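First chain A sits with chain B, and in the next complex the same chain sits with chain C.
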Partner chain A sequence: MRVFLALVTKELIGFLRSWGLVAVVLYSFTLDIYITGKGIEMQAKNIAIGYVDETGGGMSKKILSRLHAPEFQKPVPFMSTKELSKSIYDREIMVGLIFESDFEKNLEKRDRASVDILLDSIAATQSFQALQYLQNILFDYSKTDFPVELKIHKLFNQNANTSEFMAMAEMLSVITLLGVVLTAVVFVREKENGTWDIMLLMPIDPRLIILAKSFSQVLVIMGGVTIATGIVLFGVFDITINGSIAAFFLLSFFYAFTSAGIGLFVAAVSKNMLQVAQLSILIMMPLIFLSGAWTPIHAMHPLLQDLSLLSPLRYYIEGSESIFFRGTGFFDLWNYFAGVIILGSVLYFYGFRKIGRLF
Partner chain B sequence: MADLEVRNVTVVHRKTVAIKNASLGASESEIVGFIGADGAGKSSLMHAIAGVRRFEGEISFDGVVFGSPKEAEKLKPSIGLMPQGIGLVLYKNLTVSEHLSFFSKIRNLKENSTLDAYRHRLLKMAGLERFTERQAGKLSGGMMQKLSLICTLIHRPKLLILDEPTTGVDPLSRRELWEILEEIRENEGTIILMSTAYMQEAEKMDRVYLFDSGSIIASGTADELKKTVKKYVYSPVPCESKRCICTDRYTYSLDSLKAQHKKPTLEALFFVNALRRNVEIPPIKVSIRESTEPIAPVVMEAKGLTKRFGSFVANDHIDMELRSAEILGLLGANGAGKTTFIKMLLGLYPIDEGELTLFGKPIKSAKDRRSLKTRIGYVSQRFSLYKDMTVRENLLYFANMHNIDTQKASRRMERYAHELGFESYMDSFPKELPLGINQRFSIAAALLHEPVVLFLDEPTSGVDAIARSQFWQMLRLLKKRWGIAILITTHYMSEAEYCDRIVLLKEGKKIVDDKVENLHKKHPKAENFEDIFLHYYERNNEF
Partner chain C sequence: MNFDVIRAYMSKEFKELLRSRLILIVYILPTMIIILFGYGIRMEVTNARTLIIDNDNSKISRDLAERFHHSKYFDTVTVNAMSESEALNRIKQAKTDILVIIPASFEKRLLHRQKSEIGVFIDGAFPVRASTMENYVKGVIYNMAKSLHIQPKSLITINNRNLFNQAMRDEDAIVPGLIGLILLVAPAILSALLIVKEKEEGTIFNFFSSPIKKSEFIIAKLLPPLILHSVNIFILFLWATWLFEVPFRGSFLLYWIAAQIYILISLGVGLLVSIIASTQIVAIVLTIIITIIPGFLYSGMLMPISSMSGESKIEAHIYPVMYFNHIVYDTFLIGQGLDSPKNQLYLTILLFYALFLIFLGAWLMKKEIS
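Here is the complex of A and B:
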């Protein structure tokens, strides 16, 4: 036990004294999550809109008056379609409306008229959401005989706010990445500094060394998780947790060991920090993409859906979402815990064996 | 006529003065040497002269005066710089011939028959013509240095600046490097500035500059310099005052002693200089070990130990015995298999063939070793311990690893710190320590658990003369008072004399295993151990 504590203390001292590493960890668990949550905006917001109105007012003004903040900027008038197109080409305007001179006439005469919409669809999600808004507005002015009205109930995330989900997914990805990198670093640093041999010559069971070293980094990760949930998720994004926070931390703890296991594997095959960085990214990317963090699993190719069952991050993300948004009870989380623990044990054991062979 | 004049050059490195007001001169075909401890300012001055570092003062070479790297730009085609560190200018994955053509290209040399002939001559001088297709990463340390040197020579510089080109290189390769230098200065009239840690090399130079803590304190030929300290050098007698240092071969004293005068070596300059500057050199002490466990007379016995890396045989059926109260010196050229052998003994490499017995116990698997690890102390090359922990934290960590009682451990730590003279550095980080202190602290860490055998892999590379003499004093005291066995590898042949027994490896085979005095008896003509080493190494015979 004394040896175990000495090993853990040594790694924690080493971590705290390497300022660069501390800065990276602090940044990843705070600002990085904040930026992802705030920055990746899927909703239409603050869209630049321009129009050409050849009708001389009336109906077109009514429609334009409904385009306002926060979704749209104040519509900008243009003299001709050509000017408007140029502006869209120059990326000053994202959506262009063209009311042709016979718009009003047709509306009155035939009850049918058309509005041309020019759309910069490079930012596909945003522009199509803008289109949807426009359609809804125009829909209000159209007389239809269709008698069905939609009543929508948004569950779990009442404001349909993407930033909460994004921040959360980013935090879980950060845990994965840092878990791997930090664990690999504590071993590879010994290789780089030439202290590896000295470590091997200690009269200690190598298993204890591996366990203590990876445990120390799990502690660092858990510290990061505490900061991230406390300050960023609860503080800045004001997420309400519907389930038990203890369950979340327990799940995170098991998951941290899972990524530490991957870290052990990376450490076993890398000679220096550069290789750790390369290999970690290589392993992490499929893990994160298959987890459903950025793409819903039901939208994936069937083959990828099956593969995603092997990503421990999938269980961790689904479990964490259930805890935060759905408020699932502790005992109903068993399948997520099982997924993380089983895959985690396999990965940790494999990494353990792999690095153990170097001792 | 290319002359070099350095006038009052000061180099400041991040607010610390690396070298202050240095002046020197050199003319065609001269070899000028820089000697002094690590961090004395030799490299900084070399970089300033090479025009790659900012400095104050003035340097003129070949009629051009410059005061900044920018002004030195037009001289670059006639300057060649080889920085410190083995193989630093080489690219691991390029072959020898690719190196030569690469360096010709970046030097913008015209490809013609003259260049071709010159390249061939260089290859031949370096003895690399058989290895043109070999990748640099697969060359031995000595070959790498020779390749670095000929790459630096490819543009026929008129000023060649070499920063410790021979450090960590075996005597044979060192001699070959010198042969290249002699030929170049003879035929090309090149001025050669080089720093060295080997005093025998300094003896061969036209002029030597002695560096100490950022200034040049003496210059002249080796003989002139030795003459200046002659009167302070005596046969070993115990010292009484602070103006006196006693090592095992000499006593240096500023006051006159009744003892007999002895012929000084260049090393004497460092000691006398330290005395003049009132540098406190605490005597090394070693008290007896706390453990009363008796030490077996034969600590290690190896029979036919063999290690292969693919088809390459690093160690070929080596027999060796290590006895208690013995210092065994393991010598050999770079790549002769010294480190591999030590690593095999320690279990860091698996043994491919042969039998190893440690403390009377045959070693078959890693399990056999675990209980023996408490009896082994090891200091690796570069002796770097954990650099983000202070000296005290490092020592405490090792004490914990060996499960030494905390009270006992801290008592031992204090004692070692006092006896080995690093008391005032207990709360510093290893990188803040002078190299010599760092070396003794690393040994203290390896001694904390009172091992019975100590393995030291090149513990003296880069350490200055005084620290080296203190180091050997410590080893001999350990042998005497602890009665432990010490296995040490070194490149300094002068240090071989301090060992009890010498084992010489060549290309993975053991070629000599004898007591030092016996070897001297067998080779009465040899002036020093370097001659004996070369004698065995040059014989391409039955071994």
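Here is the complex of A and C:
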């Protein structure tokens, strides 16, 4: 135990001394998460909208006055459809409304009129939402009451706030990436310096060395997780956690071991830092892809769905989302814990065996 | 300038790239990124797991359930009796995405034109997906109302034309942007590595002490990545049009020229990184941090530049990503080509950007021990 603690302390001191690494870890756990959360907005907001009004005003003005922040920018008037569509082609305007000259007349005489809308639909999701906003606004100008009332509740995140979600998703990716890279780096640095063989030949059980070395990096990761959740998630983004924070930390702890296991494997096969970087990217990308972080798993190809069962990140992401947003009870989380622990043990054991071999 | 020296240096670089198998990364990484992200980022929702609790079990309510069932957006399970709390618990356990509750005597009230209420619960853990699902659910119910002639007569109808991406496909929205991301990241990493590797291994002293000129050294270091990555312009184009079936409506010449200039910009970024970084791992991490985040944020993939305001709009104009992506989206989806003054302007900006970065890098690089 004393040896174990000594080794852990040695690695932690070594980590703190390499200020470059410390800077990267701190950056990833704070600023990177902050930028992603603040910067990536997927809900349509602040849409640039332009219009051509050939009517004398009246109804069209009423409709235009309802296009305002936060969904829309101030509508920009255009003299002709041609000018409007040129602006859309240059992507300065995303939505163009055209009120034709008989709009007002039709509305008075026949009780129906139509608005032409030109929509830049390149950013498909945002365009779709923009169209929905407009439809909802025009829906209000209808004659009779709709007899069915739709009571829609968006559970867990009523305002559909993206920044909380993006910040958390980014934190999970950072944990994965750094968990692998940091662990691999501690071993490969010894390899590069030629001290790894000496370590294995020391009169200490090599298993203890490997365990201590990887444990020290798990500690670093957990430190990062504490900083990220405490300062960025709770401090800056003010996320409300619906489940238990202890469950999240426990899950993160197991997951950090899992990614350390991948790191051990990477360290075993690479000779220098450069290979660590390349291999980590090659391994991480499919893992993240299969985790359901971007595509819901049940919308994937059936073969990929089966494969995604092998991605430990899948259980970690679903588990963390459940804890943070869905507020799932501790005992309902057992399948996420089981997934992370089982995959983690296998990966860790495999990496453990591979790096511990002398020749 | 001595071309023989440059040629000799370049042939050394190519041999090293082949021997260290770094060449694999040059071609595997871009393809992997475009395939993984192209398939991976899905904003549209299909097969949302929907649980319908039909407390009415009448003709109309069954018809409504049937409509959900036939839509590709939903995978429905219909039950006749389940308590609301039990159903909500299923959402908590992430077994269901949408819960639709049709009240008892729904049909009767509807026929008597009394108000009735359909309860819809949506898992909001992934916000964009939740908003999309909400709109789909509304769509199904309004459509049903229309066919039953109980929809309110709307005064104003929308007559919309979706330009550029008629079917609103995610692939069309994302894949061209990915090309802009990859061509910014990959050449920068390679060029930074080629120089930093010499620093780390100490062979940079050959450059310091030999009579090779600084300009010759830079050209010899930047030309191999330029040549290798120029092939990626075509590979990525093929993946986009053939695998992801993104239409290509504009001028290929414009795409090609812009992409070449963009690679020069990326090489310039790599050159600047190689001046700061002293080890390869730092060079990689630094390049990724500098390029990936702006490459995503200002790409227009997720958020159109026109929707930005304040600082983010200014930042978008500082990074080169916006200019290139405007041209790429134009060549793929819009098709104005070189006739458009905006494309001409942006192409010119890109060219000056590239020259600026490379000359800045050349000026900052010192041919001596620092």
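The rule we apply is simple: the second predicted complex is superposed on the first by the 352 of 359 C-alpha atoms of A that agree within 3 Å, B and C clash if a C-alpha of one lies under 4 Å from a C-alpha of the other, contacts with A are read in each partner's own complex, and residues count from 1 in each chain.
Heads up, the rule we're going with is that a residue touches a chain if its C-beta (ideal position, glycine included) is under 8 Å from a C-beta of that chain, and two chains touch if they have at least 3 such contacts.
As the structure is a computational prediction, the values presented were derived from the model and not from experiment.
Answer with first, second, both or neither: which of chain B and chain C does A:210 touch in the superposed model?
neither
Once the structures are superposed on A, label A:197 by its partner contacts, choosing first (chain B), second (chain C), both or neither.
After superposition on chain A, A:197 lies in contact with chain B alone.
Regarding the shared-chain residue A:27, is it in contact with chain B (first), chain C (second), both, or neither?
Once the two structures are laid over each other on A, A:27 reaches chain C alone.
Report for A:36: first if it touches chain B alone, second if chain C alone, otherwise both or neither.
Touch partner of A:36: chain C, not chain B.
Look at A:89 in the shared chain and tell me whether it touches chain B only, chain C only, both, or neither; answer first, second, both or neither.
Only chain C is touched by A:89; chain B is not.
Figure out whether A:172 sits in contact with chain B (first) or chain C (second), or with both, or with neither.
Once the two structures are laid over each other on A, A:172 reaches no partner at all.
Should A:17 be classified as contacting the first partner (chain B), the second (chain C), both, or neither?
first
Is it chain B or chain C that touches the larger share of residues in chain A?
For chain A, the partner with the higher number of touched residues is C.
Residues of chain A that sit at the chain B interface in one complex and at the chain C interface in the other, please.
Shared contact residues on chain A (touching chain B in one complex, chain C in the other): none at all.
Inside the complex, what are the residues of chain A that reach chain B?
2-3, 6, 10, 13-14, 17-18, 193-195, 197-198, 200-205, 359
Within their complex, state which residues of chain C touch chain A.
On the chain C side, the touching residues are 25, 28-29, 32-33, 36, 39-49, 75, 88, 91-94, 97, 109-110, 113-132, 134-135, 137-138, 141, 145, 150-166, 168-170, 172-173, 193, 197, 279-282, 284-285, 289, 293, 296-297, 300-309, 312, 326, 329, 333-334, 336, 340, 342.
For chain A, which residues are in contact with chain C within the complex?
Chain A residues touching chain C: 20, 24, 27, 32, 35-36, 39-48, 63, 73, 88-94, 107, 111-129, 131-132, 134-135, 138-139, 141-158, 160-162, 165, 185, 273-274, 276-278, 281-282, 285-286, 289, 294-296, 298-299, 318, 321-322, 325-329, 332.
Show me the residue ranges of chain B that touch chain A in the complex, using the header's touch definition.
By the definition above, chain B touches chain A via 343, 346-348, 366, 370-371, 373-374, 376, 378, 380-382, 384-389, 393, 396-397, 400-403.
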